[in-house]
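Just so it is clear, A, B, C, D and E label the chains in written order, and each chain counts residues from 1 on its own.
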Amino acid sequence: MMVNQFLLIAALLFSLGVYGLLVRRNVVMVLLAVELMLNAVNINLVAFEAALRSSMAVGQIFSLFVITVAAAEVGIGLAIVLLIFRNRQSANVDDFDLMKY
Amino acid sequence: MKSVFVLAAEEAPHGAVELASGGVLAQWAGLMLVLPFAAFLLIIWRGKHMKYKGAEFAIGAMAVNLVMATALFISNMVEGIFHEEHFEIAKIGLWEGKNLIFELGWVVDGLSIMMYFVVSFVGLLVFLYAVGYMHGDVRVTWFFASLCLFAGSMLVLVGSANLVQLIIGWEGVGVASYLLIGHYWEQKENSSAAIKAFLVNKVADVGLVLGAIYVGLSLGDFRFSTLERAAVEGDAVLAGVAAAAGLLLFFGAMGKSAQFPLHIWLPDAMAGPTPVSALMHAATMVTAGIYLMARTFPLYQNLAGDIEILGSLDVRGLMVIVGAITLFGMGLLALVADDIKKVLAYSTVSQLGYMMTAVAAGGYTAGLFHLFTHAFFKALLFLGAGSVIHAVHSNNMSDMGGLRKDMPTTFWTFSIGSLALAGIIPLAGFWSKDEILATLDYEGYQAVMWIAVAGAFVTAFYMTRAVALTFFGTYKGHGQPHESPSIMTTPLIALAVPSVIVGFFNVPGVKLGGLGNFTEWVGARSVPMGDHHAEAIDWRLAAFGLAAGLGGIIVGWLIFGRDAETQAARDKVEVPVLYPLLRQKYYMDHAALGVTGFIKGPTARAVNWINTYVIDGVVNGVGAVVKALGGLVYNGLDQRGVDGIFNGIAAGSDSAGRALSRLQTGRVQNYATGFVVGALVLVLIVVVAA
Amino acid sequence: MKYDIDYLAIAPELVLIVSLLGVLALDLVLPRRLKYFTGAVAVVGLTLAAIPLILLAVADGPISMFDGSYVVDDFALVLKGLFVVSGYIVLIMSVGYIESDRYYQGEYYFLILSSILGSVVMASARDLIILFIGLELTTAPLFMLAGWRKGDLRSNEASLKYFILGVLSTAIMLWGMSMLFGATGSIQFADIASAVADLQGSATMGPLITLGVIFVMVGFGFKVSAVPFHFWAPDTYEGAPIPVTAYLSVSSKAAGFVAMFVFVYLAVPSMVSVWGPAIWIMAALSMTVANLAALRQTNIVRLLAYSSISQAGFMLVPFAAAAVSGGTSLAAGLEATVVYLVIYSLMNLGAFAVVILGVKRVGSAVIDEWAGLGRLDPRLGVLASIFFFSLAGIPPLAGWYAKFKMFTSAIQSGGTWAYVLAGIAAVNTVIAFAYYAKVAKAVWFDEAPEDTRIEVEAPAGSLVLVLSLAAIVTVVMGVLPNIPDFFGEATRTLLAITGS
Amino acid sequence: MNWFENGGALSLIIFLPLAAALGLMLIPKEKEELIKQLALAVSVVTFALSLVVAFGFDLGAADKYQFDTSLAWISAIGANYHIGVDGISLPLLVLSTFIMVLAIIYSWDHWEEPRNPRGFLVLMLILGAGMNGTFVALDLVLFFIFFEVVLLPMYFMIGIWGDKSMRKIPGFTREVPTRLYASIKFFLFTLFGSAFMLLGFLAIYFRAGEVADRTFDIPTLAALGASGAFSPAVWSIGGLVFGALFLGFAVKVPMWPFHTWLPDAHTAAPTVGSVLLAAILLKLGSYGFIRIALPILPDSARDWAPAIAILAVIGIIYGSLACLAQSDMKRLIAFSSVGHMGFVMLGIATLTDVGINAAIIGMVAHGLITGLLFFLAGSMSHRYHTREMGRLGGNQTLMPKMGAILSFTAMASLGLPGLAGFWGEFMALLGAFNPLTGLSSGLFRTVMVIGAIGTVLTAGYLLWMLQKVNLGEPGEEWVGHEFHDVDRFEMAAWVPLMILIVVIGVYPKIVLGASNDAVVSLVQTAFDSGATAARGVLGG
Amino acid sequence: MVFSDWISAPVNWVYLAVGAAVIVAAFRVVTSQNVVHAALFLVATLAGSAGLFLLLGAEFVAWVLVLVYIGAVIVLFLFGIMITRAPVVRDVGLDNKKARPLAALVALLLFGTLSWTSITAFGDLAVQDVGVPTSTAVLGEALLGRFVLPFEIVGFILLAALVGGITLARRDLTPLEEEERGAV
């Protein structure tokens, strides 16, 4: 097994995440896309760790932090979704352009 | 603490001439330069509360000046005086390692003493006269203050020991003339005339200023004595710039001395009160140019004069030509003027042409002598004209006529002045004009000499016309004219005397006892002038001049003395002396009319037309064009172009800002797109750059 | 392996933790009318946190922990101090502001303190993980605080936009970090630095490291709101509660800069040819784009948002200039940026405080409606002038020295690109004045409409006091620039460690 | 009195007005008299101090900095609080403090809307501090600070007390209030220039570090400059750096084509603002050339001199022509400044002692004369409520004193010999006749001739202005109006100016006596050989 | 390494299987027009990722992923979807169709860049000790030793998210309700 195998998957996930982020109208869907991107990073980190085998498994540690932070972000994101949904009765991001220029 | 004024070190004048120092009088001559200004301040301060509205101060100052000037004049007669005083007013940098300085000061030598005398003498009389003339007029106080400024500036000019101070006096004269010409500024014509005078002079001043710069920076010094010495010694550097400097200075002189084509301001300048005209035409202002030429005479005589500038035309030749055109062409114009002051004004221009021609041709003494004599009789004529105007309340000769009975003093003095101007022996004008003819003859300008003779004819002709129309025939104006008060007639008489006698100051070969003659008096300079002096009068030339003068009078008399419309005028024709001629009046009249008709008609009209539409037109046109150019520059270039660029930049940034803030769509996904694309582009740029 | 912990070194963090937990606990027990007390606790906590900072500053030498991944040196202390002080000012600004509306005070202070804690931690971070965590802790509470005016749609929108772009930037930054980790096998800056120095020439690794560095820089670029990663800023600033906006534009931005400093100077100093041009572009774009856009703004908060973007551009200039000209003057660049940051923080907070008072007074954030404020309330007018003209860089207000340092550093770097950037900065200084002057114009030059005299209660004494103090310091710093310089020079220790 | 001579006096001159400004802010607005008295007292004391400095100044060592001190200021960059006066700055310093006194006297009874004397005086005093500071600063950074400090007060003066009318600006869709447009334009232009000027300073600073120690110290840098350290021959960007400084100073002067802020600012500014702007602020730019650009970058200056001379002479002609097109009296006077400062710059461009002396006396004279003209324009528009020359006329009849003073000042402005304005023009032409060795004398002589012709145009527009405003019959609309002729405050402010105009006109040594040695030394140090006019270079 | 060698290793078969699943699922996450499906595809993606982690010897991380994401986060997502009452049926309006081409282009470019850099950089770099899981003890020791500080700090992130999230998400009481509560 080569690291690149995993990196390719990660790159694909990351790019798909970006795609999703750019096209999805629903905020929750956008959040899903973000999760894809963060997960791609995790795959990177773990794959590198598998190749490096550092003494403290730094890559895995890093990925644990990323997972935790991602979870927190989801929490925050959903809270924001709830907040705006209550005010606007919509979770579509392109409904939100009160402020521009 | 050092004294504010640091007296420049005395330097012995150069040259072979042994001259006296002039003693205390010369050391204090500067007082004459200052007194009129003191009077000016006093008039401004207290004038309104004085009985004669401040004229007292002006007259007082002028009287003191005249005393001093007379004393100097006499001492200069006894022994030639040369004395300079210099007060440094600034060091302005280095020139060849030594300080380049500006100075004020005065020079007391033959030339300046003559000018002091003329200015003070004529000035005093004009001031006195003005008390009467201006009585009850508007702004009398201000008028006398300005007169003081005028006379004072002229004294500063003629007393100056260096070019810089000369410029100060020079433009001071200009400003004073502006103030005086525009005395009745409620009418736009008057203020326009004042502006015209100032601006035309200012144009010429460019020449003076640049000429001063050429001279000053060639010598590292602005003093006349340095210039004179360098010119006589043939200083190489000065020689290098001599033509340029000479022409520039001459250009300056042309403005003040109203040489063709810069004479145009002068007739308009008649807008001022008559005493101003008298002062301006006799003693101050117009003589300044001649004075400048005389002051820098060694430059022309030794260096500049013979430098060829256009083909074989040399500097001197150019100057003579300008003078000749002025003397003849402008004289003709006097023939067609109805305004008596305009007649006199053109006459002045013409006489200035004589002076300029003489000085240019190399006749230092001749030019100055004519200046000297002319000052008296021209002042006399103007004051006389003023007296008439005062009486009839009009400037136009068509409103006058037959005044000789009502105003006898004026008539007689005016006649004396006219005869002197016409060059009738033995009045002053005869001698000085003769000297000019002699000089032109000697220096080889025969053609010009004949023009000068012709000019003499014209001069006599128009003066006769003026006298005839004013004092003979019948009165055509309104009211009953009276002789002017004695404060006005006294100056007339006082001027008539020298108009008669001063010609004898310089009869060739004649010396006034131990006092020498005019030639020696004005020859008292730091260096010899090197002009030619005839040892005896050349009666051949004198006869030509006299004949021309008499001819002019006779022809003039025949025409104007026998004014067909006025019985009185026809009566006058039968003056016994002229009677034989008048017997054949038919031929004579026709012949004279033919000749003069041509001169007065097409020629004069042509000249007048050229003057009005070409020269004046050019000047007015230049003014209009310049103003239009101003509009173009301001509206077209400044507001649209230069400012437009900056406003354009501002407007551009504004709309760029608008365009850029359009990027801020408010859609978060557009932002994210920008975000990712930005990141990718950054990578791309950096990778490509690396 | 045992890791010694120097408790004095992390005392500021600990004090912050205690006080934020205290705030949370108090919030539970206090009755509604006494909730404001949590604010007092937060203020006191921050004040207390300053004490160990001073002690540490006086104490000798840098303290290094966890294999050198957490370092307390003068650089860290200066920036921690900056975070604490600016946080302090934000708290005081908040006190009056959030009391006047339906805010959750306890939670609010808790989140602010959390964010400050994140910044404070990050200033000492010397490995990727702590850097990442610190940044996240700085940012995450702000996602929510931006939406703190829950009933206001603009505030919601601010929060949403900030959040979405925030997580996007986090993801991109993490990708970059993971690549750097993969390439160098370490998360320690020092190790990364040496590994990168070996690898950067390699044809295979080069692009990857470049990508990694740029992606990480993108994350920082987002934090400092540099163009083209700035899009969130105007909208979020406008919508968020004003004290939060102030915090965003100062502390959060400063945090981004700190992250950028430690990352580029300590982790990838040898990649100067990569991050140099990147920063150069960000600097040039930020200044120009934001300034031009700011010219069009009519809302004062939005104007300040664009202003803060352009200021970020100015702050990047020394950096960029030092980097593109070969990196010989990096120390000077750092110092200049820190000096700029210190001065900017002060004056920008002052400007926001003025905006808070002004909005209260006038009832609007639309610049035109501030007409005649100077005559209505000269004191506020003078303060507004001081801060806005200081932002514009007009001597003798402190802002001039910030700009001066920036130019100094840029010119010192030398080289065409540095000069060009300095030129762009110079032009932008002029453009910037045009919109700062807009505020002064409204305040002083325009006539007040007849009926705008709104009677408001006197602003909180503490805010006025702090504001006046900030104004005085702004002037004093401008007259005696040795003061900000002192902080700037202290931060040179950052480079002393790596010996560059 | 040791402290006094070691910087104390100059520091007082700078900071006394500043302290007074702060003090005034503490006095309640209502105590107007007290505020005015205090402001006047302080300005008089400042002026007195500058006179003490002037009389204590050792003219024998005018090329040395006196009353100087140097204190450490910004240690990180080695910028010092280095102040001192030499013969070049002394006249300008005295001029500055002097005009300030007159401006305050004049203000006493002349407040533009919205009044607020306290605010106005505070700004004036700050302005004074900035101006005085600029003239004594001997450190580039210090110079820069003071150079900029003057901007804000002037900006506020124009913006708050300025012309309230609306104006259509080409390129913009809406009409904008004149004062707003003018104030921001003034500020942006100056800021634009000074931003680049600062870049130039910094480049010099670091370049100094390459050959010696990094320093902002002007005398030290001048010495380095004289030794050729900043010559483009050894420092590739030397010319560019001069260009940067040029931009900064030229905008302030202002030289064509950077002048367009000036007519707007002058027209819009309140009277006293215009006066200070014309009398002092413009001088900061030309002073900068003399104090900084020439001595530090002599070789680049040599390269740039022809361009400066050409721009200067364009300014002379262009300014005069633009004046001819004006219908607004104040705007006309403003444009006249473009022309007059053109002569100042022409003098500087010659790089000779004569030319620089010309610039200095030209600056002083322009300060006095144009200052007075703006006073007059202000007082007249105060009475007529219009500045349209087409509507004025017969002022000499309505207000004889005012008219007389206006005539006098116009005469002075057109460079009448014997009044102050003449020397600057004449000497500038003198300098241009014989520019520094190595400069094209053909070009400079052409410029000299064109400049001399410019004096005619100058006379033209001033005389036409007088004709329109002063002479003729009063217009219909003024008949029956009661006009107050010059009041005592105006007299008190104007008479000293008139006296000085005459005194300097007759005895320019008052200015040149102080400056000449300093200028000669400056030119010799900076341009070494060929510094003085020599006979050899002359020729037809 | 030659492809035949590569494909002959069984572990790569597993990789291919899991990897394909992950990719397909990820595709569906961003393309599915049904919100619930999208969320469920994310579950599949994450589960597949966990599988990949196992392949890479990161057992602990794999199970954390399963626990945290599949156990908690996805539930959160589903809650979010429910609460925002997104239609459970196919929703044509889920995508901003106009944005698709640009988004696809950007994603493609990004993928190209990312994969290109990775492939050139790491070439044949192989995973070491395939099948040998990292000991959880090592992780634990590192987390509570060398990484104790970020470990603690990340706790505050969670706390902040919790506190802030609750505050934001909760419905504000009306003044009347508040009064009632105050009385209690």
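By definition in this document, a residue touches a chain if its C-beta (ideal position, glycine included) is under 8 Å from a C-beta of that chain, and two chains touch if they have at least 3 such contacts.
Since this is a predicted model, take the numbers as computed values, not measurements.
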Fewest hops from chain A to chain D - one hop per pair of touching chains: 2
Chain E and chain C - chains in contact with each: A, B
Interface with the most contact pairs, given as the two chains involved: A-E
Central chain (distance from its CA mean to the mean of all protein CA atoms): D
Chain whose average C-alpha position is farthest from chain B's own: E
Separation of chain B from chain D, taking each centre as the mean of its C-alpha atoms, in whole Å: 37
Separation of mean Cα positions, chain D and chain C [Å, integer]: 42
Centroid distance [mean C-alpha coordinates] between chain B and chain A, Å: 97
Separation of chain B from chain C, taking each centre as the mean of its C-alpha atoms, in whole Å: 78
Sites on chain C at which at least two other chains make contact: 129, 133, 136, 140, 143-144, 147, 150-151, 159-161, 164, 168, 175, 179, 182, 207, 210-211, 234-235, 296, 434
Residue list for chain A, restricted to those that touch at least two other chains: 3, 7, 14, 17-18, 21-23, 27, 47, 51-52, 58, 61, 65, 69, 72-73, 76, 79-80, 83, 93-94, 96-101
Junction residues of chain E - those touching two or more other chains: 96, 99, 102-103, 106, 110, 113-114, 118, 122-123, 141, 146-147, 150, 154, 157, 160-161, 164-165, 168
Pairwise touch network: line, ring, star, complete, or other: other
Touching chain combinations (by label order): A-B, A-C, A-E, B-C, B-D, B-E, C-D, C-E
In the complex, chain A residues that touch chain C: 3, 7, 14, 17-18, 21, 27, 30, 34, 37-38, 40-41, 44-45, 47-48, 51-52, 54, 58-59, 61-62, 65-66, 69, 72-73, 76-77, 79-80, 83-84, 87-88, 93, 96-101
Residue numbers on chain D that touch chain B, as the complex places them: 169-172, 185, 188-189, 256-257, 259-260, 318, 320-326, 335, 352-354, 357-358, 394, 396-397, 411, 416-418, 422-423, 426-427, 429-431, 433-434, 448-449, 452-453, 455-457, 459-461, 463-464, 467, 470-473, 506-509, 511-513, 516, 519-520, 523, 531-535, 538-540
Footprint of chain B on chain C - complex, ascending: 160-161, 164-165, 168-169, 172, 206-207, 210-211, 214-215, 217-218, 222, 227-229, 231-232, 234-235, 273-274, 277-278, 281-282, 289, 291-297, 431, 434
Complex contact set, residues of chain B against chain A: 661-662, 664-669, 672-673, 676
Contact footprint of chain A on chain E as seen in their complex: 1, 6, 9, 11-12, 15, 19, 22-23, 26-27, 29-30, 35, 38-39, 42, 45-46, 49, 52-53, 55-58, 60-61, 64-65, 68-69, 72-73, 76-77, 79-81, 83-84, 86, 93-97, 99-100, 102-104, 106-108, 110-111, 114-115, 118-119, 122-130, 134, 138-139, 141-143, 146-147, 150, 154, 157-158, 160-162, 164-166, 168-169, 171
